[in-house]
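Each of the next two complexes has subunit A plus one more chain, namely subunit B in the first and subunit C in the second.
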Partner chain A sequence: MDGTYKRGSWEEVMDWFRKRSLWMLHYCTGCGAIELPPTMTSRYDMGRFGISPMATPRQADLLLVTGYLSTKTLRRLIYTYEQMQDPKFVIGFGSCAINGGMYWDSYNTIKQLDKYLPVDLYIAGCMPRPEAILDGFLELRDRIESGKADGYKKYKKNFEYYQKNQEAVLGEVQRTQ
Partner chain B sequence: MRTEEETMKLITNRFLDCNVKKLRPQNLEAKVPESITIDILSHLKSHGYSHLATISCVDWIDDNEFELAYHLFSYEDRINITIQTRIDREKAKYITAKELWPVAQFYERDIHDFFGVEFEGNDNLEELILENWNHTPPMRKDFDTRKFVNEQYEWRDYHEQENAD
Partner chain C sequence: MGLGVKITSRIQKRYGPPFYQPYINVMKLFSKDAITHGFIFDFGTIMAFGGIIATLFFIPIGNWSLYSMNGTILLVVYLMAISSLGMAMATVGSGNPLSSIGISRALTLMLGYELPYIVILFGLIYKYRTSSIVGLVEAQGISWNLFVLPIAAIIAFTALLGMMGKKPFDAPVAPSEIGSGPVVEYGGKFMGMLMLQHAIAIVVEVGLFVNLFLGGADNIFFFVLKMFIVWAIAVMINAIAPRYRVEQGVLFYWKWPLIIAIVQVLFIIF
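== the complex of A and B ==
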């Protein structure tokens, strides 16, 4: 929070609800897509934390970027993110989203996801195991409750910064909204 | 059903200056001159080698040549043939195989993306995999990936905190 804005008690109540019902949209780009099925299904069972998959961006709260992003995929990711409704949260999976990972010298993959989209949480690992993913989800729940997961507000506030970075690698980006 | 030797004869009987080699069972390799490659492809297609698996390209920068490899397969003979031909690297231009196999259009678009080879007669060579690429085609050996990455992307600064203090 940036000091000028104080969370009202209504907001706090809403956040309390939000953290208990997260619909996630997993954007399966890399190998993180393989770690998610065990996380979803009975062994690790993310459903007990109120997190379930959602099919469409407009109904989802949580965007998972599960691995490396080529510039071509980044464009589609931006479209997807901008279609989602507030409040929305982004989680970057694995070292590829953090600093390029094993694709660090690839001509066609981006190196830092947070320059293009506001990332609320990174889960380190190559790839993170379901335990680490669940740990990340729990951390996100805490951040949502305390109002620290405000990436979507930052995206609006610093839109020019994100737009500049996006257009530096992609050229013109069509805005869906 | 032909054996490998019979298939080799199938090529060499018609095209004398072809160097056909058996690599291992069910795998043949033919190095052929640029001028008769399409004829050979057409000849093989009419003798059962109807499946074009892919077209691949190799950049032999020291020889100043690109090598195009057409991978064919016959369902009757169960033999793979690789037809390899070398074209000039500076000119980087060849004839399309799309009249023989319509799918060749996509393979040629792919090669055009990554190696910048033009295919005469292929009217759709727009970008297939890359987007808004105005640099050297990335799979050419003289494309300096590291340099490009340094210019295009920023490395994450892990010493931000230290520098700030």
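== the complex of A and C ==
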């Protein structure tokens, strides 16, 4: 959908605000969660970019998938994603979310997160250092401003594709809303 | 509020977000989608927001005051409760167990801090023989209540910490235990409305304290300055204090501040 539509100026103004206030929900599945506290606290201080942790999916804009996902966790992750309100973004942490990483031949982990949820940005590394995480957040800010971070629109548009992949792994997925 | 966040960050040796961050947050929240949980949820949110705006009309800010009749102080105390009850209604509407826990903690804590505060208020009303806020401000004149009745001022400040949900008494909104309490199910525009409600509530509560104990102010600039000093002290306490459990908080309020408040009022009366 690149270039096929033009964003209105209202959307651009709103993206300016969205970019500067990202509330994240960190879904701590794997080892990536341990890199977040130093990123939040005094040493690296992500708060100066307006990024702050939130406790519930309803309030959050940004879903962090930190590390590998087991098949069981995927279901909870999908529920969490669908509970978030609409301009919402997903960041995949580490190589596990990209292609399975060190769990490439495991029988019960999800290899490609992209098949099941629309990922806006991957941060490579095993695990990414706090510097890499901050760099990823800044990249996401640029993408939001230029309107390229539209994973939630893709999710609605290609819903059958994602649903097919999800149900291939999980069986039936109960939609909450 | 943004300056409060900045102070907290500085105490924690961080740089912190820019001071206009709350405005950005609110604009972003109003640009988001929102999901409702039925009529009671909507109505409770509007009631909380409307209740606090109605309260704001009765607080004299600097030399602006809409109402100067007797009894405004009692009216303000009642109207502040409306806002909390609106939150409670919205919580019932959302049906989330965590938010029920949160709001039950909030109302329990309200029982705790309202009691010493009311005792102090009655003491003031008895001393100056007027129950209008403007009258109380004028009666103080140059000798502030902070210096005339220092113990009462300290107790009112303790109650103020509980009203604003600051750190020793922030059991209702505990992000790490119960997922930020009453606001669990709020998203998007509802959350924005609630953040505005919280900001106005702080203005109302701190403004009431400034009027009662710091002698109000002649113009809006000094009023805001006094409010900012009170608010900064509250934020500093918030940044370094741990959290009481809710029954510890209520027990604390009913033990020392209440006893001291009653003794203070007895001194005023006799």
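In this section, the second predicted complex is superposed on the first by the 173 of 177 C-alpha atoms of A that agree within 3 Å, B and C clash if a C-alpha of one lies under 4 Å from a C-alpha of the other, contacts with A are read in each partner's own complex, and residues count from 1 in each chain.
Heads up, the rule we're going with is that a contact is a pair of C-beta atoms (placed from the backbone, for glycine too) under 8 Å apart; a residue touches a chain by one contact, two chains touch by 3 or more.
Only a predicted model underlies this, so the values are computations on that prediction, with no experimental measurement involved.
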Which superposed partner A:Gln112 touches (first subunit B, second subunit C, both, neither): first
A:Gln85 touches, of subunit B and subunit C: first, second, both or neither? second
Contacts of A:Thr56 with subunit B and subunit C, given as first, second, both or neither: second
Which of subunit B and subunit C A:Lys164 touches, first, second, both or neither: neither
Which superposed partner A:Arg20 touches (first subunit B, second subunit C, both, neither): second
Partner chain(s) touched by A:Lys72 [first = subunit B, second = subunit C, both, neither]: first
Subunit C versus subunit B, contacts on subunit A by residue: C
Touching partner for A:Asp45 - first (subunit B), second (subunit C), both, neither: second
Subunit C residues within the subunit A interface of the complex: 9, 12-18, 21, 24-25, 27-28, 31-35, 175-176, 179-180, 183-188, 191
Touch list for subunit A against partner subunit B, complex: 71-72, 75, 98-100, 104-108, 110-112, 115, 169-171
Subunit B to subunit A touching residues, read off their complex: 129-132, 138, 143, 145-146, 148-149, 152-156
For the subunit A and subunit C complex, residues of the former touching the latter: 14, 17-18, 20-21, 23, 41-42, 45, 47-50, 52-59, 61, 84-87, 177
